[in-house]
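Listed after this line are the structures, all set down as structure tokens.
Each of the next two complexes has subunit A plus one other chain: subunit B in the first, subunit C in the second.
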Partner chain A sequence: MSPLLSFFSSIDPKARPGIPVKVQLSEIDESMRTPSILFLSAAVCWLVIGSFFALVASIKLHSPDFLANVEWLTFGRARSAHLNAMAFGWANNAIFAVSLWIMARLCKTAVRHGGLLIIAGIFWNIGVTIGVIGILTGGLTSVEWLEMPPQVAPILAFSYILIGVWGVIAFRFRQLGHVYVSQWYILAALFWFPWLYIIAQTMIFIEPARGTVQAITNWWFAHNVLGLWFTPVGLGAIYYFLPKVLGRPIYSYYLSVLGFWSLALFYNWAGVHHLIGGPIPVWLISAGIVASVMMVIPVIVTAINHHFTAVGNARATWASPTLRFIVFGAMSYTLASLFGSGMALRDVNVVTHFTQFTVGHAHHGVYAFFTMVMYGSIYFMMPRMLNREWPSAALIKTHFWCCAIGIGIMLVGLHVGGWIQGMMMNELTPDGNPKYTFLEVVHALVPWLFSRSVSGVLLTIGHIAFFVHFFWMLAGPKISRYREGPTLLLDSIRGEGKAG
Partner chain B sequence: MKNLPLLFLGIFFCLAFSWTGLILSSEIQYGGLKPIALEEGETPQPQAIVGEAQQGRLIYIDQGCLYCHSQQVRRKGYGADWERGWGDRQTVPRDYILQPRVLLGTSRTGPDLMTIGQRQPSTEWHYLHLYNPDITSKGSIMPPFRYLFETREIGDAPSPDALIFPDDYAYERPPAGYEIVPTERARQLVAYLLSLKVDYELPESRFAE
Partner chain C sequence: MADNPHHSDKHRPAPSDHLSEIDRAAYGDDSIHRIHQQLGREKEEPTEGFSQIPIVLLFLFGALVFWGGIYIANHSAEFRYDIYDPDWKPGFGGDQTAAAWDPIKKGDRLFKNNCAACHQAEGQGVPGVFPPLAGSPYVVGSEDRLVKILLRGLSGPIDVLGTEYNGNMPSYGENGLGWDDRDIHAITTYVRQAFGNEAPPITEETVARVRGEIASKSTAWSADELLSAHPLE
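Moving on to the complex of A and B:
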């Protein structure tokens, strides 16, 4: 047999009838352990690093003299370091761990040659590190969501392909049978991301498109990172964990099909709503607005599907760390998406565009939805992979409450502050002059920016709690407290062993 | 869902569809735009910026000014861009064709800068503002860019571009015998800001009344 062929046959784990599902699953978890833990450790470290930059940027925005003479931490660089550490460091590493693990479990395939995955993961993180340092030291590109110096793109693209391909391999060698909705979402996302990334890199940096076609490419990419990468993985995880932890099937298969395809069709046209009123052809903007409004369909459909799966299980949901975070995320998804559709309408957009409202909205999606779902997923995965329970319910509660209240304050602050900012910016006196000077608008905004720093402190405390807990668990003894059952957040349920 | 080729095709098609519809079609529709003269004999517009200003754009990019400043003027009647004096006309795709990196921006924490060269032509103003925005704009939340300036001993005569601080900001003054002057980067950045103008008309966008 040729080496290539023997490699491929060695990946194929072969269907093994007669072995109980539980045993198979735990073998799969075992095979995913080292790569997943590597990704998750990196993710959690990036989460804390990203929080540091977020705090610096947030404080600078209302108190510009804070660290003012440190060039590498000037506002534009600090906020970009924050975004990239979070998007490419935290979110992507979390996605790699969660999506590959779910994929392997649903396909019932153990990962062979996990070593390659580990090497690719190390390179990915080296790439992100170089990129973030590049941003801080003068390589900032000022292309939103692509701020890292373009020189790191090949490292990222290459290591991504080595990582993403494992999901595809697992899928290729899956045990036959039904393909579950989470698998479509994850499979699609694994294909979409590299495609988006490579096209955007090419058309913006390598062979730049002319004029504002660049901006269109930029927003096609940036919005789709949310829509076709974070969102499908987040939804895939909700679709997996919600029924899994509750022990009941998903409400409707047909709704999940409809939700998937309408998302795939509409989301990727929506990005141009970031250019409403801008120097691009009007029909493009209209297309973006229509697509953004059509997003109501997948969002409502998915919300109904999740709601009717979870309904009547409030207690279990609240007791399970996984579900508490995931249900928070699922509800945020619905709300954030409906807001997003509304913001694309011209009359609303004329107020919210260019203001902090947009920043608030971005955190609504990426944090309140996506990040919360990733937390929930990690709370489920770690005990399965390590065969031990989370050491402390108190730390989980701290994590949850700091994040939930923190993001709540931020969303209120930025949405309300941004709306006021937009209204003041546009308001005219009867004789047609601006009612407020620019500096008056700035002054009105400052208290709201301050509230964002408060929320940032809370979120950072939550992240540190999670960081400590995560590494405490990793370092802990092999099997701890298995007799007591999973770590739950309500004492009276402990022992029922239902949630996890 | 078991029909896998269909799944793959759908995944591929959805993204290809939007890429074709949004990006390829705009490239075809206006990727070939050229500068154009309103009347025969006039210089075609827009013109590329050159020299110091061109260097200054790189500073603007690596300092991240874009994250607070847009460079686009919306049509009169949509928002208050016109009323705020940010431009006499709407900017259109042709205005941007000679920019190697388009800096439209999506945030207006600070004012739009598409026409800042017309609105604020004073070099001194820009130096003081960059050094400490609070001096020219009380309560501004724009970051100070003091590190784009240097403090040095006064030579035979004070430099013409040394910063002169008002009394309220006496604490910014250097010790006696020293002066604060813009570095090359600050000079380039200000040259770039002064080059930002929309003082020409295009057939597809005339000055608004």
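Moving on to the complex of A and C:
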């Protein structure tokens, strides 16, 4: 059969005679088990490592003497190590596990050569480890989001291709005609990320573009990692788990379509808003601002779609560990994105640019939305793959509350503190000079930065609870609890047959 | 299906009932039972409803797109690559760099970021260490001497307005911070006209000439060296 013909036959929507869906699912879960557990174990370890760097960097900002003599942990290195450990260690490993698993389930396609996936996953984590050590030993670049020494890029790029291709293969050999919305997001993201990463590496390090084009490329990459990699996988996970756990259909297919394509259309332009006021042609910035504001469309559409899917199920949502995290993430997505659109406006950006406000916003998106959704996904996946239950509802609650309160404190502290910082930096005396010296602005920020360290401690406690719980479930003696039903967070619901 | 043999034989359903389908799956009774404990409670795979999009969104998105068009029209500077001002309108002219260049403004910024830490915001200096710029003959006097100080720095004792100073000034020339002729022109012109000084500006051409003359020198000046070439007026 010619490749073209076999391609068309493979997208033939006619229903195939098959075995019961749930038997297929159990077989898929089985085939994904080892690679997924590998990715998730690595992700959870990176989460704790990244939290450590985050705490160091955060404390240094209000107590500069802290670890001041440790060369490996100077602020610049600790902060970059935090970002890269979280983005490439935690987030990417979690994405690999969650997105490939959802993809395989929705395509009803088991992974056939899981060994390759495991080898690629090991190499990916070796690459990230070398990169983070490179940052700590001073080999970091000055390009935000690409601080790892450029020498590790080939390892990461090749491992990524070997990992991401499994999602594409699963899609290529999928069963059933209808392609569900989660599959669109995940398939698109699997292509978007390598494109972003390879273009950014090429245009900034391998064959550097000249002048301000480098800065434009840098922010195109950095912003799109959030918008075209973390966001679509996060949304794909919400679209899968929300109706899955509640047992209700997604509210509207039409809204799903509109949300997906408007995200694909507008997000790619938005990164330039990081360069407002910078020396690049002004039309490019204006286009970025308009695209950032247009992001309201996919955000509103997605929010409505999720809201009407979940509405009326508050109790079930609150009882399920998966949904508690996922709904928190979905709400944060709406809020963070609307904030982001507002921050792109020139009049707002002139205050928030170069302040902690931006840092707060980044955590709003990556943590309160993306990371919370990944937690929820992991709470759903693990029992299916291991055929055992989460050992402790108390640890899940600890994890949730520490993370929810922690990120809440951080968001308030950094948004309010950052706004004050921006107003102080912009305030002028009547003769046109800055009213406050740099040090006065720094002093005014200290209490807000301190609140961020408090939130960091809470988040770290939550992460350690998750770490302990995860490896307890993984390594602990096989518990016979699976006969008792899922681990839920409200006692009265336990045993009613709700999905975890 | 030729390229997708995975489930075909192993899981071909028996013509009869549901149970025998499961029996043909690749699991023993025990694992089937165990897995079904997990999956039995799981809801069906997600599906999509087909509710209509609320009409109010049409108006909201229409308004957004309208705003976007207006914004682009007003702030795109006709898509020129050389315009950085969002409020630029046709007829403003394009050569912003030439119009905006003001050595005093540039010099003011350079001074605040580089010089004020030692020479102080009002150019009054710090007794014994950093000489004043206000009224200093080294600033308002010979142009060449001032440019030379900027381009190579100055170290060791120096007498300014009757007071002895002993410190180090870094070089802003090729062996130091590497400022170009234009920045040296801006900073020297600025310090000659700020803090109550009223000396004429130093041109870029002068800076370029002096730079050429001292190309072979690689160390900081001493006050004696400078004064032997350019005595105080």
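As a working rule, the second predicted complex is superposed on the first by the 479 of 500 C-alpha atoms of A that agree within 3 Å, B and C clash if a C-alpha of one lies under 4 Å from a C-alpha of the other, contacts with A are read in each partner's own complex, and residues count from 1 in each chain.
Assume a residue touches a chain if its C-beta (ideal position, glycine included) is under 8 Å from a C-beta of that chain, and two chains touch if they have at least 3 such contacts.
Keep in mind it's a predicted model, so treat the numbers as computed, not measured.
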Original post:
After the match on subunit A, would you call subunit B and subunit C a fit or a clash?
Top reply: clash
Subject >> Touching partner for A:F325 - first (subunit B), second (subunit C), both, neither >> reply: neither
Original post:
Once the shared chain is lined up, is A:N426 touching subunit B (first), subunit C (second), both, or neither of them?
Top reply: first
Subject >> Partner chain in contact with A:A287 - subunit B first, subunit C second, else both or neither >> reply: both
**OP:** Would you check which partner chain A:F53 touches, where first means subunit B only, second means subunit C only, and both and neither mean what they say?
**Re:** neither
Original post:
Now for A:W145: first (subunit B), second (subunit C), both, or neither, which partner does it touch?
Top reply: neither
Subject >> Partner chain in contact with A:P64 - subunit B first, subunit C second, else both or neither >> reply: first
**OP:** Tell me which partner A:F354 touches in the superposition: subunit B (first), subunit C (second), both or neither.
**Re:** first
Subject >> First, second, both or neither for A:P279, with subunit B first and subunit C second >> reply: both
**OP:** Tell me which region of subunit C runs into subunit B after superposition, given the options 9-17, 63-71 or 99-107.
**Re:** 99-107
Original post:
Intersection of subunit A residues contacting subunit B with those contacting subunit C?
Top reply: 279-281, 287, 346
Original post:
For the complex, which residues does subunit C have touching subunit A?
Top reply: 1-4, 6-7, 11-13, 18, 21-22, 24-27, 34-54, 57, 60-61, 64-65, 67-68, 71-72, 75-86, 88
Subject >> Parts of subunit A lying in touch with subunit C, wherever the complex brings them together >> reply: 1, 6, 9-10, 16-27, 105-106, 109-110, 112, 173, 175, 180-182, 239-240, 242-247, 249-256, 258, 279-283, 285-287, 289-290, 293-294, 296-297, 300-301, 304, 308, 346, 383-384, 387, 482-483, 485-486, 497-499
**OP:** Within their complex, state which residues of subunit B touch subunit A.
**Re:** 1-2, 4, 7, 10-12, 14-15, 17-19, 21-23, 26-27, 29-33, 60-68, 70, 72, 74-75, 78-80, 83-84, 90-97, 99-104, 106-111, 133-134, 137-147
Original post:
Which of the residues in subunit A come into contact with subunit B in the complex?
Top reply: 60-62, 64-65, 68-69, 71, 74-77, 79-80, 138-144, 178-179, 184, 187-188, 191-192, 195-196, 199, 203-204, 208-217, 220, 224, 228, 257, 261, 264-265, 268-269, 271-272, 274-275, 277-281, 284, 287, 346, 350, 353-356, 358-359, 425-428, 432-434, 438-439, 442-443, 445-446, 449
